[in-house]
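In the two complexes below, chain A is the common chain; its partner is chain B in one and chain C in the other.
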Partner chain A sequence: MSAITTSRVKSALPWMVLAALAIAPSAGLTANIVRLLFVTLVWVTTSLAWNLLGGFAGQVSFGFAVFYGIGAYTAAKMIDAGIHPLPSFLAAGAMAAGSSLLVGVPTFRLRGPYFAIATIGVSEAVRVIADNLSITGGASGFRIVEHRPFRQLEHYYTALGLAALAVMVSVVIEHSKFGLGLVAIRHDEEAAADVGINPFAYKLWAHAVAAALTGMAGGVYARYAAFIHPHGVFSFQTSVYILLMPVIGGIGTVMGAVLGGVIFGIVEEQLVANFPNVHLLLYGGLLILIILVEPDGLVGLAGRLWRRITRHHGATDVAGPRPDEILRGTGGA
Partner chain B sequence: MTGVDFLNLLIAALLLGGIYAVMSVGMTVIYGVMKIVNLAHAGFMMLGAYFAYELYQRLHVPPIAAALMAFPFFFLVGVVVYWLMVRWLPKSSQPTLASLLLMFGLWLVLQNLGYILWGNTDRSILSPMTFSVIHWGPITISTLRLVVFIAAAVCVAILELILERTWYGRSVRALIQNPYAGKIVGVDEAKTSRITFGLGIGFAGLAGALLATLYSFNPDFGRPFLLRAFVIIVLGGLESVSGVALGAIVLALVETFSILLVPAAYQTAISFTLLVVVLLVLPGGIASLVAKKRRIA
Partner chain C sequence: MLQVHGLTKYFGGLAALKDVSFEVPENHIYGFIGPNGAGKTTLFSAIAGAIQPSAGRIQSRGKDVTGMRPFSLVRSGVVRTHQVVRPFRTMSVLQNVQVAAHFGRRAITRTSAARDYAMDILKWVGLEPVVHVPASALPLGDQKRLEVARALATDPELLLCDEICGGLTATETRNMLDLLRRIRQRGTTIMYVEHDMKAVMAVCDHIVVLNFGQKLAEGKPEEIQNNQEVVEAYLGKATLGGLSRG
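== the complex of A and B ==
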């Protein structure tokens, strides 16, 4: 396969996948499969969002559940009050983006591990507070009453639209000056600042955009689930999941984030159902294994295999995905 | 609040500060030498708690003795973990994405291993000392807390002495100040890192075991303390043992006296608020207030 055909296939692939997902429900899928696809699309959105900050800018957050939960509660409260879902989702994104400043402003000015540390703190603090506030329904949870008929396909297409938006945002950022700036910050923050990039503003914006997407994903999920509680949407587990997906797929690449989200979405429920006590243990083990053996995730693994195959056929041109040096290198966090 | 109440709270806060210090020094030395934020610290603290619990339940070892035995045990565990995983991480003068994710993964593994081995019920170590108190005039001190404080203070002091007086301590200080210059003058970075990681994990186990004598615990035991340890080492300026002692006392004072104003349920929020305030006002920690800053000493 020549390089030109490869790139043409690569640029057509997202549209083909989108078209396939758009017509998939009319192909007679069961309600359960549609639900699984819905959940997977929500996960893909959050995975892409985490990757914007963690993958591009190299800032590890252990607290994305905060945005997911804030989005979920914002949308839930508004839909419950009879407001149309669409503005509710937008408000969910805006609320999450606004709250991202709370962690970003004090920590992004500093280099070093402050941001990562603060995200663990904020997710703990927010869950404790959410547990004790009456507005969230406290530990007993919050039931959303939507005064509209439940149509599963409507939910499905909302999630599909959001995931497509997340992919679009990611691709646009990846190819923009902004995205290049983020990658520069990941490689060397001081050098980036020397060439006129404002690391503080760049990180703050990336964090806000990621939070907005995660918040909207939380809102879309909350409307579907119709019942949310702090130990679900704000849980530490949610943060772990959101961080794990892009790492599995291949950190720093849009393809990797999507791939990680898809695999996680499909496997997660089976894993929880079959190994209720050890699924987090498996995730932890997987994380260690990826970091030590294949830091570029599945995308890196695929690239390695692809190069091996092409070398075997005597080709010199390598057209497969190039592994990025994010986890191998010394990029800051 | 009467003067006696105030004095009692102050003593309680200082005793708590000692425990907080022993809990945070392990993270500090590892961060100082390797620039790794040891998120798995919480996991090793939890294992330390169960280590003391098992020794006490099965072999009737006194809890404080069990805690002191936890140190060498977890030192070895730390050396093994270093050899298996940590030494493969890319070296850097900044904490890397890879190191954060690796230690985080390790924490997940340890925590869930704890759930498999011991279930999620709360355990506690009740010894004859648990409920005894010392009366000294109007002042009341829990005997156990005093003993734990002494054990903690002695261990931190020994660490301080090792860092001050031994060749190993000098290598540690050299690597913290300037890794390149350190290597030029013959510091064995791999060996120093290995021992430091062992020490860090040893202190995590010791702290967990000491805390287990005071509080009930489950496999999620270390987490609330992890955030406190962060706050303390940020207060202390990230890389200094004496800074840690200071940070520990500050956090203990803030927590103890905030109970008068803030509901106990919001304790976690207090440490986080303190963290944000410190980052905004004093990013270099309390130590940065002192003009001639001495690191690790």
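== the complex of A and C ==
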């Protein structure tokens, strides 16, 4: 198989996954499975969003719960006030993108692990504040009353549409000047600046697009859940989930982000149900294992197997430092 | 093309550059030499915007560019290469240069157009056979060439080359110097730092000598070679004095 057809197949894979999910409900699935797939689609969206900043631009953020939570609350409040869900989701994205600037302007002055640590701080600070504001309902949470009939498939296809939007945005960015600029920044910020890229502005843009998608995902989730509270949507756990998915699937690739989201969405509840006390430990262990054994995630593993089968030793088209380098902040040094 | 007035840079209490002034006329190759720690790389970093000077003024074509950030300087036509090569390692040679075509003065938006332009540059510098190889897989000589190609793709008016021949074989050095001359022929002004005296003397129209952060001398290559102060800066006065005294 030539390199061109291989890359065609690769770029078609995310769409094939979404197409499978689009026809899945007509296969007579139970409402509970449809709910599980709905949640999976929400996770796929956030995974793709995180990958724009963390994968393409190499900025590892532990703070995406901020945008997920702000999006969730924005949509929740608007839908509760009787506004149509669609403008509510758009507003959720806009609010999240706006707040991404507030987070990004100070934190993007930091590099590598220092940036990551700062985002943990921001994320926790926002959660504590949200916990103590009356508008969020505080620790007792917020119940959304929507004066429309509940139709599960409507929710499901909204999530599917959003995930498709995230794939489209990712693919367009990946093959654009913008995307190439982000990858250059991931390799070496100084060298990127020396060829005319403004790293600070580019990171802010990538952050804003990622935040908008994450905020909309939060909004779509909130509408379905009909009940949100700061300990859920703003939790550090949410931030870790959003980071973990692209790492599982393969950081810096669209397919990896989709795959990671799908697998995580399907197994996450089982893990929580079966190992209620140690599931976070499992994620931590998994993260370490992936970074040590297969830093390019499942996509990297598949690629390696594929090359072994076909004995294809051409130049790799994965453009970036290895994810362990990104996570350690040593990429391009 | 470029005017530098009283450029000074302190790192803590240490003056890496002290009141350095000179002017680089259009379409010349200006060499900058001096012993280790003389301030050559600091000078380049200050001009290219990587560090902020403590005092002094830098003008490019009459426009004040002092303290401008590197990415804005690129758009003003001032671009540097690094002494230690900094390619985008796992990107292909072509992609490396394509990035510069996108974000340099030409600001090409379409990826196919940027790729074509990058391809032309790579042919021009002789890296055509390796365009699809990841940059990190290139031997040092080609990586140095890529560093120059990437800077060229930003369409510079003034190119600052920091030790582009360091670590190269004699043949590679000759080819690199040829490349510098061809770049000048395109109408690009060059500032060139190198430790290899033979290389500097062979290619430069004019040489500025730095020592302990100050300008020691400047002039044509032959003038510099016969300058007593320059010889002393390199070999040391004490050594000569000690020898003569026995």
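Couple of notes before you dig in:
Basically, the second predicted complex is superposed on the first by the 286 of 333 C-alpha atoms of A that agree within 3 Å, B and C clash if a C-alpha of one lies under 4 Å from a C-alpha of the other, contacts with A are read in each partner's own complex, and residues count from 1 in each chain.
One rule holds in what follows: a residue touches a chain if its C-beta (ideal position, glycine included) is under 8 Å from a C-beta of that chain, and two chains touch if they have at least 3 such contacts.
It should be emphasised that the depicted structure is a prediction, and the values quoted were computed from it without experimental measurement.
In the superposition on chain A, A:G112 makes contact with chain B only, while chain C stays out of contact range.
Of the two partner chains, chain C is the only one touched by A:V195; chain B is not. When both complexes are overlaid on chain A, the residue A:N274 reaches neither chain B nor chain C. In the superposed pair of complexes, A:H187 makes contact with chain C only, with no contact to chain B. In the superposition on chain A, A:T30 makes contact with neither chain B nor chain C. The partner of chain A that touches more of its residues, comparing chain B with chain C, is B. In the superposed model, A:H175 lies in contact with chain C only, and not with chain B. Once the two complexes are overlaid on the shared chain, A:S11 sits clear of chain B and of chain C alike.
Contacts of A:S134 after superposition on the shared chain: neither chain B nor chain C is touched. Touching of chain A by both chain B and chain C, each in its own complex, is seen for residues 332.
Against chain B, in their complex, chain A makes its touches with residues 54, 58, 60, 62, 106-107, 109-114, 116-118, 120-122, 124-125, 128-129, 131-132, 236, 240, 243, 247, 251, 277-278, 280-281, 283-288, 291-292, 295, 326-333. Contacts from chain B toward chain A in the complex involve residues 31, 37, 39, 85, 88-102, 104-113, 115-116, 223-224, 226-227, 230-231, 234, 238, 263, 265-269, 271-273, 275-276, 279-280, 283. By the touch criterion given at the top, residues 175-177, 180-181, 183-184, 187-188, 190-199, 315-316, 318-321, 332 of chain A touch chain C in their complex.
By the touch criterion given at the top, residues 48, 50, 69-72, 74-75, 79-80, 82, 86-92, 95, 98-100, 102-105, 107-109, 111, 114, 132-134, 150-151, 153-154 of chain C touch chain A in their complex.
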